[in-house]
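Each of the next two complexes has subunit A plus one other chain: subunit B in the first, subunit C in the second.
Entry: the complex of A and B
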């Protein structure tokens, strides 16, 4: 009998663990997305393509702790929208409405941030929660439509995205419009999310307490999904609606709650994006991209809260790379969006990759077993 | 009375200019969904087709070709690019049996990013100017017909007439030919279609690719009709077309009615200050703009129990499950 080597051990490990295969598929999606970016750079400007590519990968290490801080700053809203998409996905719902919930939440957060200055040092907390609650309301609508009227949540969310966008534009124009620069006023100083010790720790990066919100939400959603009966019910509705109903679970209530919680998390993302200095609500008719980037992060993170956290931080590093890309080469940061889109596309093919990986590994194992000489 | 005619003469060409691309792109969505593939990538396909079409037209303007010939080339280019881009969606959803929403979302994100990226590298800006005015001021003879002459044959676009022809041809194809019947069958009951020897995969490819052609051409029409330059977006027009398709209950006649209605609302949103009566109401344009989406939601909420959506749309076909 041939002795088992570490290669056999590794093969067995991957063949036994579907999670390991899925993680491998996520890594393939990331590599594939980056390669698409590289190829596009090579086609358009070969002389600077590799310089640009290494900037995207290693831009993070350019400016010491400040870059680390900014990476996390970029990551926070995406982690939250990613969690929002992932949480709904575990209940079998596709939350393409994260961008609408985020926009709706952002408006209320900024509105409270501008007007409710009497709140003193609690101001930013209340503004943040206002964003979350508004997002929760906006997420509840497709949840209720799905539960009571059997309306496809994807279609309903797409419609609601545009309603939220026009609503926000209208409200900005009527209530908080800064006419001279044709955009909303910024929130009051007391409503800005504090930077606290991050300011000195990360050498003046933009990172703020939003990071703790992201950690907290990740932890809570992880506990809900893996440790509570409620989470078990949500997942079970996601696996099989009919079976869950048969088992006595209230699938309607679970669908509504899942979408409401997802909306709340997206609303928090919107609040955190706009309760900062230098970013303002606009009156342009464009959906905010962060909601869609959340889909990428959710897919890469295998819809598990901790996976989303890691994937979100990876996104932050890409974003930093994109920032330096513009500074050092003539490539523009849209390249990051191209890479993200490619990652989503390749993730869509994930099932295929998972099967392919599984088959390759199996073949490899069979081949090794066949090597064993017959006694 | 003459004020009414002035208003109509002003509004009706605008409504037609919106209605034609809306119904074409919605028809694109129809082809895809009737074959069994949900296509929320219409927006991205429009951007891709619009981008390449407009860039080519911009280049051709200097060649001295007549403008209407150039616009014809641009429209065809948009359609071809749309087919190529939609092929990615077909590959993911039909061959790879992927989640159709995820694949389409990727295409929606990819198109604006790529077009802005390329435009900024080659033109130094994300705005590409059309470099010509493609409006047909008046069609000879026809524009002198009383009343309707000014409505249909003044300040019009070549794309409008072409779009109407394509719409008729496409519907005839879908409802009067064998292939059209097969497309519809694959969206309703692919197993039954397969059992009768129809290659479900090929038919679904066909549906998605036709959808790409219509949306890609729609993208070029959008830029030609509503903008003087391309800015890497079609401002949600693809999703509005999706709403048109749903509101039209996945039927051509419904699409036409919905497109007429939504086009009118869209024109009012942009031009209500020029319409006597509405000007005095002074309802903000955003209210008009969100109306189509809200109405579609209401329709969905009350009609979803007996929805006309193709039964198999969104499900990858698996011959093993027959």
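Entry: the complex of A and C
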């Protein structure tokens, strides 16, 4: 017999573990998406394409800790909306309403942030929670419709996205409108999410304690899903609603809870996005993109909280890369959006990749076994 | 003589398993060749390769001595190979005629020419005594007749190599007998039949030769007249199999589970699918509800377990009215349920075996503490069940339920439900699609439970099983109770008459 080498070990590992193959498929999707971006850059401006491409990849190291701080700052809301989508998905629900929950949460967070100044040093915490609770309420609605009336949660939450958007516009205009600049007032100083030691650590980047919120939520959701009876039920309902009902689980309660928690997390994202200096609620009729990017990040992160955290940070690095791309070359930052879109497109073909990877690995293994000389 | 079909060294792999490992099969003209094996032995895969549904990685196929490359079912049809699938491929709302010519239509300037086809179908139907009306709609005819439509379809296409995939699973004893006659008359004409089955009696009834597969490998090809059932079973399973289970005398205790005047309606058609159904189950007995598939047994179980609401009637468990209780309450009050569809209801396929084993009991103090699952306790419990019920899988407690064979999935469900320690167990077709070895195991377990004083409600379509296990038999036809029987004083033939609605006892 030929000795087993590390290559055999690695092949066996991937062949035995479907998770490993899925991760590999995500990585291939990312590489594929980046290559699409590179090709577009080569077509647009061949001479600067490679310089621009390296900016996208390595932009986050451009300004030392400051750009890393900004990368994380961009990543936080995306991580949260990604977690929101992923958590609902594990219960078998597609939360396309993250953007609505985020908008609804953002309005309440900002409203509290402007008005409840009597709260002193707790002000930002309360504003943050107000955002989360408002988002939870907004997520609960499609959850209840699904549970009690079997209304498709995708349709319900898409429509609620627009309701949230126009509600926010209306409320901004009636309650917290700053006429002189045609947008909402900013939250009070005490309601801004503190930067704390990040300010000096990251050399004045925009990063704030929102990062801890993202970490904390990731950890909590991970624990719920992998360690608790509650998570056991949620996943069971997500995988097989009939078997869960048969086993006596209350699928309706689980659906409502899953959507409520998903909404809470999206609401937190909304609060964190707007409880910062220099960003204001507007009265434009645009859905906030972060909610949709969350779907992409959830997909890339294989709907696991830790996967979403990593994918969200990767997204942040592309964002910061896009920012520097705009500063240093004449490529438009929308290029980043195209790359993300290509990554999503390719991950949607993930099943194909998983099979292709599996077959390739299997062939490699067979070929190696065939090398064994006959005795 | 050149065989009509020769499959040489067929190897077909799926991720993780070798479904066919260097299998050789040769079928002579004019013979009925049975393909025997447990579930997962690779019978269906081998036939799918022959029918062009899968492509083998290795091996050659010869039809009438010539090497062929069968890429898809159309290639197979052109070579005269036809297949009756386990689940019929018929369009419910089309007529028999339309179904037969579908994909094979004769057309005149864009219009279908049905008259010639109709004549030919009537002719073929008469020739083989199939008794099929070409203008009946598929949804209006019985399952046995639908199967004969599938046979007609093959004959209409001049197929002379016919593959039957577990054809008797859905038939009554009378229908089985008729099918066997039809098969014999087909081979008399020089056609060849490959019969996929795991039922030994059928092989003895019709087959000339039998090829036995086990775990993807060919074990043997035998002449049926030289083979006994014991011999076939042993080669199929790989060990000796008990046929006659020891059954202690029937000593029923008090009544524990009963229903009265149960009525359930189909939501769409508003037809009563369960009508005035009643029974009373006592401790220490196996009460069987026999009937042909689709006569309300499935709905009855849904009603008893709370999966679907009742329109009328009462259900009592241990003298308590549970008619309006939730599923969870019924579970906790002592109702266990081995469901008919193990993949839809019985298991969460994307959960591991150990997770599936605690599906009803995860909230039990044994398995959780303040909402956190106790991994060690769960693992320990899973290892116990696996050991006790001989559940085999690739990775033990952490195997994905999806990756397990049907028999082992069923053993896992059985173990889980028994371990809940309830007084009443509803077992719905507990051996459906399982092989001899697994059936033997499950039957032994059920009889042991009965002897321990548990009350078992068995729902079964298999008359062998009904006769072997029951202490009392109730026949259900079109949702109604049409008669109660003592297994020692009835025969499968008599039950068959009640099951098909030709007889009924007035209550």
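The working rule: the second predicted complex is superposed on the first by the 375 of 375 C-alpha atoms of A that agree within 3 Å, B and C clash if a C-alpha of one lies under 4 Å from a C-alpha of the other, contacts with A are read in each partner's own complex, and residues count from 1 in each chain.
FYI, a contact is a pair of C-beta atoms (placed from the backbone, for glycine too) under 8 Å apart; a residue touches a chain by one contact, two chains touch by 3 or more.
Please read all numbers here as calculations on a predicted model, not as lab measurements.
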- prompt: Looking at the overlay on subunit A, is there a clash between subunit B and subunit C, or do the two fit?
  reply: fit
Task: Once the structures are superposed on A, label A:295 by its partner contacts, choosing first (subunit B), second (subunit C), both or neither.
output: first
- request: Could you look at A:215 and tell me whether it touches subunit B, subunit C, both or neither (first, second, both, neither)?
  value: neither
First, second, both or neither for A:122, with subunit B first and subunit C second: neither
Task: Check whether A:228 is in contact with subunit B, with subunit C, with both or with neither, and answer first, second, both or neither.
output: second
Statement: Here the angle between the directions from the C-alpha centre of subunit A to those of subunit B and subunit C, rounded in steps of 10 degrees, is 80
Task: Answer with first, second, both or neither: which of subunit B and subunit C does A:145 touch in the superposed model?
output: first
- prompt: In the superposed arrangement, which partner chain does A:334 touch: subunit B (first), subunit C (second), both, or neither?
  reply: first
Dominant contact partner of subunit A by residue count, subunit C or subunit B: B
Task: In the superposition described above, what is the shortest C-alpha distance between subunit B and subunit C in Å? Please give a whole number.
output: 5
Task: Find the residues of subunit A that appear in the contact set with subunit B and again in the contact set with subunit C.
output: none
- line: Seen from subunit B, its contact residues with subunit A in the complex are 40, 88, 92, 96-99, 101-103, 105-110, 112-114, 116-118, 120-121, 233, 235-236, 239-240, 242-243, 246, 284, 286-287, 289-290, 293-294, 296-297, 300-302, 304-305
Statement: Residue set of subunit C touching subunit A in the complex reads 15, 305, 307, 326-328, 330-332, 337, 339, 344-351, 355, 359-360, 362-363, 367-368, 371-373
Message: Show me the residue ranges of subunit A that touch subunit B in the complex, using the header's touch definition.
response: 40, 44-45, 94, 96, 145, 149-152, 154-156, 158-163, 165-167, 169-170, 173-174, 285-287, 289, 292, 295, 299, 330-332, 334-335, 337-338, 340-342, 344-345, 347-352
Message: Taking the touch rule as given, give the residues of subunit A at its contact with subunit C in the complex, in rising order.
response: 227-230, 232-233, 235-236, 239-240, 242-250, 358, 362
